[in-house]
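Labels for the chains are A, B, C and D, by order of writing; each one numbers its residues from 1.
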Amino acid sequence: MSSNVPFSGVVPPVVTPDTPDHQLDVVSFERSINRLIEAGVDGLFFLGSSGEVVFATDERRDQIVREAVRIVNHRVPVLVGIIDTETERVLEHGRRALALGADALVATAPFYALGGPADVEEHFRILHQELDAPLFAYDIPVCVHTKLPWKMLARLGAEGVLAGVKDSSGDDVSFRYLVQENEKNGHPLTLLTGHEIVVDGALLSGADGSVPGLANVEPKGYVRMWKAAQDGNWSEVKREQDRLNEISHIFDVTTGVQGYGAGVGAFKCALNLMGIFDSDQMPRPVKPLDDQNREAIKQVLVANNLL
Amino acid sequence: MSSNVPFSGVVPPVVTPDTPDHQLDVVSFERSINRLIEAGVDGLFFLGSSGEVVFATDERRDQIVREAVRIVNHRVPVLVGIIDTETERVLEHGRRALALGADALVATAPFYALGGPADVEEHFRILHQELDAPLFAYDIPVCVHTKLPWKMLARLGAEGVLAGVKDSSGDDVSFRYLVQENEKNGHPLTLLTGHEIVVDGALLSGADGSVPGLANVEPKGYVRMWKAAQDGNWSEVKREQDRLNEISHIFDVTTGVQGYGAGVGAFKCALNLMGIFDSDQMPRPVKPLDDQNREAIKQVLVANNLL
Amino acid sequence: MSSNVPFSGVVPPVVTPDTPDHQLDVVSFERSINRLIEAGVDGLFFLGSSGEVVFATDERRDQIVREAVRIVNHRVPVLVGIIDTETERVLEHGRRALALGADALVATAPFYALGGPADVEEHFRILHQELDAPLFAYDIPVCVHTKLPWKMLARLGAEGVLAGVKDSSGDDVSFRYLVQENEKNGHPLTLLTGHEIVVDGALLSGADGSVPGLANVEPKGYVRMWKAAQDGNWSEVKREQDRLNEISHIFDVTTGVQGYGAGVGAFKCALNLMGIFDSDQMPRPVKPLDDQNREAIKQVLVANNLL
Amino acid sequence: MSSNVPFSGVVPPVVTPDTPDHQLDVVSFERSINRLIEAGVDGLFFLGSSGEVVFATDERRDQIVREAVRIVNHRVPVLVGIIDTETERVLEHGRRALALGADALVATAPFYALGGPADVEEHFRILHQELDAPLFAYDIPVCVHTKLPWKMLARLGAEGVLAGVKDSSGDDVSFRYLVQENEKNGHPLTLLTGHEIVVDGALLSGADGSVPGLANVEPKGYVRMWKAAQDGNWSEVKREQDRLNEISHIFDVTTGVQGYGAGVGAFKCALNLMGIFDSDQMPRPVKPLDDQNREAIKQVLVANNLL
């Protein structure tokens, strides 16, 4: 485990604040980004699943990347999600993100149209050929309904097609095999776990870092955990994860909501309660959490000394 | 069953021809559209799942709609798919399609981000409020991983939010309930089945028509079936469906391909063999069928007197 | 469509009545069976999914078959479900059912352990070799999580391994292909649909009959529909299906229940309200419907003149 | 992490050897059990998913338990799987296993019939009430298609209904929450992971042990890993897991097989090659691995110094 691996460490997927009338809230965005960088994160991932990428028009995507690059101002690397259904559309997002200053690009498997592994592999090969930037594969079957096979990922890493993987597959067995195979290949891939609740186990097994949504709410914990892991202090890694998991109950104290509204809704609610976001507005058609759920989240934050 | 229902009858989802270098093949497009209209179809659905909608950049989508409206030239209604992940993006597609002359719009449930039924309903309500055109709900869980509940569809029809449903859910029980409920509501919704293999049963149960991809290859059969159904000649309806299903084996005589490459790939291969498309090019990252599969499809066409 | 096909026509899956203390209620069982036969059904299927097969111990299964054979007394054929996880267990059930007088056996694909199509095919081949009785394949992926491929079913029919198929797959496209392929093979298989809500379409497409759970509540409608189909009176077939579907809303007027408790629970509740079952007791761990749901079902029955 | 927790440590799910004519191979069974105990395992789990439970008739299940109890002879605790579709059938297996000397029982959620969480909870409550033995919940959604919610498991632990959980869900987030909640409850549940490839992370997070199928092939590695974890030597834990994972490639070097035939088939092949099992016979309808796959597994064993 080494901080020499590019894009390694804590790379939060940045939650995007909206104004009540559904515009990008640039002030809150800047406040949140600065807080993350000051907490010591190693990179920032914009336009991820929790960064409203699929809710944002192309114009809004551009605005988010433009403001992100301006605010970050080279303090940490900027990774940008170029998530869309199929190759030509993803290429367009990639070209625009690079023109606006992205340091690396993050793409999922194609989705909506059904396909097979050969289509997926061809997709990543085309992206690599036509986009001049480090390319991360984003493995998120819960959204795209395709699991990226670890043998394919390892092979594309060895061939230089992929620079890394963000694993949000929930398949820790597959991730573990990928880590071991990548090591045999000389560690060409940067392997980041998106599972904020079990980062400790992923780090023990050899992950190069994490992409934890919960770090939007409590970045310092993930930074401490990463440092403890680099020191080989695994009992401290575990203790920090336990503490973070208590905070993560903002995901399950709510009722009557599900999916994006429950997950990112909880982030926005917490960030609003903590004074980091001026509003908890959600992108259409999703509604913000109601008062009862807001109160439940408040209690979790109070119990964990975040309020 | 009445032809007075708007957008009823045979409404094929038009397959989009590509040139070998991945441009829209306008000549083949015109040839195919004219052939469909001359065969007697009642409407045309562009930018459906099999019309490359999720493969096409916004610019390409505009080009397809523009050429479609020009070629159709008001001979039949033009329905346009405005398929994208979430509300704001779908609204953009809707505004552009209407500006280019679409007669009706077809939208799926939101996808990629996870949500619940309240999000889905809100999505369709916003689309209806902000887009001044008849709106069809496109029920295609195999692509969007959400089944539209028939009670919600019937209610949105009764309230005037939806003008119709294109059902590609494969859930004939749900479709049947929807047909009966819609009848009780005074038939506000036009209900079209997308299941080209069992249109006969759908028509018997009260469907207002079909959206059969296979009609790209053999439109006259679907037109005859629709007329026989209007005449109450059910044995003829069944006989025609049987005949069409023999042709549909172009879907399953191939090997080593799946999903879009197998389905739309078979359409493009057949249309190319029949001289309607100048090429069988597929959109990236999908590859055209190989020679062995092409030969297998050729034999089906020969056996069914289409070559 | 011919009544000469063995086991064709209306073959209800018989719901099994329980006493309040979870014993087989033989009196209610006899009352219900006699009512079904007097309504004109063509066969009876015991120990199907809705006949408590997976809830019943081996001893209880034997008791159900023994009483069924005694009560039916050769008035109609007795089909018995021999549903269990894997081959040796299914063989045991088959031998016991045959010893007790079953006329035909009905088996699903193996379940619980994961496997592939070769395992499924070998399973049916072994059952056929070792059990001397007509064997039906029961295609019910919602329970066993394997879809039986129509090409395999047609082939096993042509080879004499299978005598028929009970299709509860919800995949009408697959069923339609099976019907056509079976016809080409000389009609070796008896093809029954288990989809009580869309029997009309299945009959139009060439099904040999149906296995409708709802016939436990209203057998005469299914018998009339079958006769109308044999007469080619398709508008009458459709009208009867529409009427039956109104009754079927006993499935969806309930709240807070799901799966077996909602489906078979509704049957037992209705049969109890109609005086055919002395109790609506459900097998453990499932609970009977509560008073509010019971009232909702009562209203459906009243509205449809069944109470 | 303490060895005072009952049933904690390494508890392999014992693979059941068959003779070529499908009888229990008692000689190989004894050889394998003795090898496992001599390697230092802390308990043995018979009639698990990989122990042929769903393939075995009741008579065979009894034979397996009888021989297991005899061979183990109180050297380690004997856990027995009582896996069947619904409550009454599971209760029967439980009574028989206890009469034959089982020390603890392991039951899954009900399967085949669809239900909801209330049914699942009632199921475990009935099992606890009527079976006088420590009861483990076996969370294996890939087989039963129901995920046991961690909040329910924690609650049933706190109430004394469950003695432990064997987690084969692949949902490490859920497992992690369960571990933390169980700790808050005073550690009433013994929490074992069934994921042999990521035991290291599970132990770090607080698991009480593992149920690794791969320990049938290489038990000493899992025993060493467990001891290292108790010593807090996490780099050693990770190193041992890495080594075991290399051996686990016996699962993926094969071609043309899937599910049980690939997984347990690989175990039996390896044990046969290593001279522990006299045959690699599989239960019907599954076939043993062919010569090519056998050779591939042999190479993995040689490369890892097991041959």
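As a convention for this text, contacts are C-beta pairs under 8 Å (C-beta built on N, C-alpha and C of every residue); 3 or more make two chains touch, one makes a residue touch a chain.
Since we're looking at a predicted model, the values are computed, not measured.
Farthest chain from chain A, judged by C-alpha centroids: C. The mean-CA centres of chain A and chain C are about 49 angstrom from one another, to the nearest whole unit. Chain geometry summary: the mean Cα position of chain B and that of chain C are 35 Å apart.
Multi-chain contact residues, meaning those touching two or more other chains, do not occur anywhere in chain B.
The full set of touching chain pairs reads A-B, A-D, B-C, C-D.
Residues of chain A touching chain D in their complex: 170-173, 176-177, 180, 195, 197-198, 200-202, 204-206, 232, 234-235, 237-238, 241-242, 245-246.
Chain contact summary for the complex, chain A toward chain B: residues 49, 54-58, 60, 83-89, 92, 110-116, 118-120, 122-123, 126, 142-145, 257-261, 283-287.
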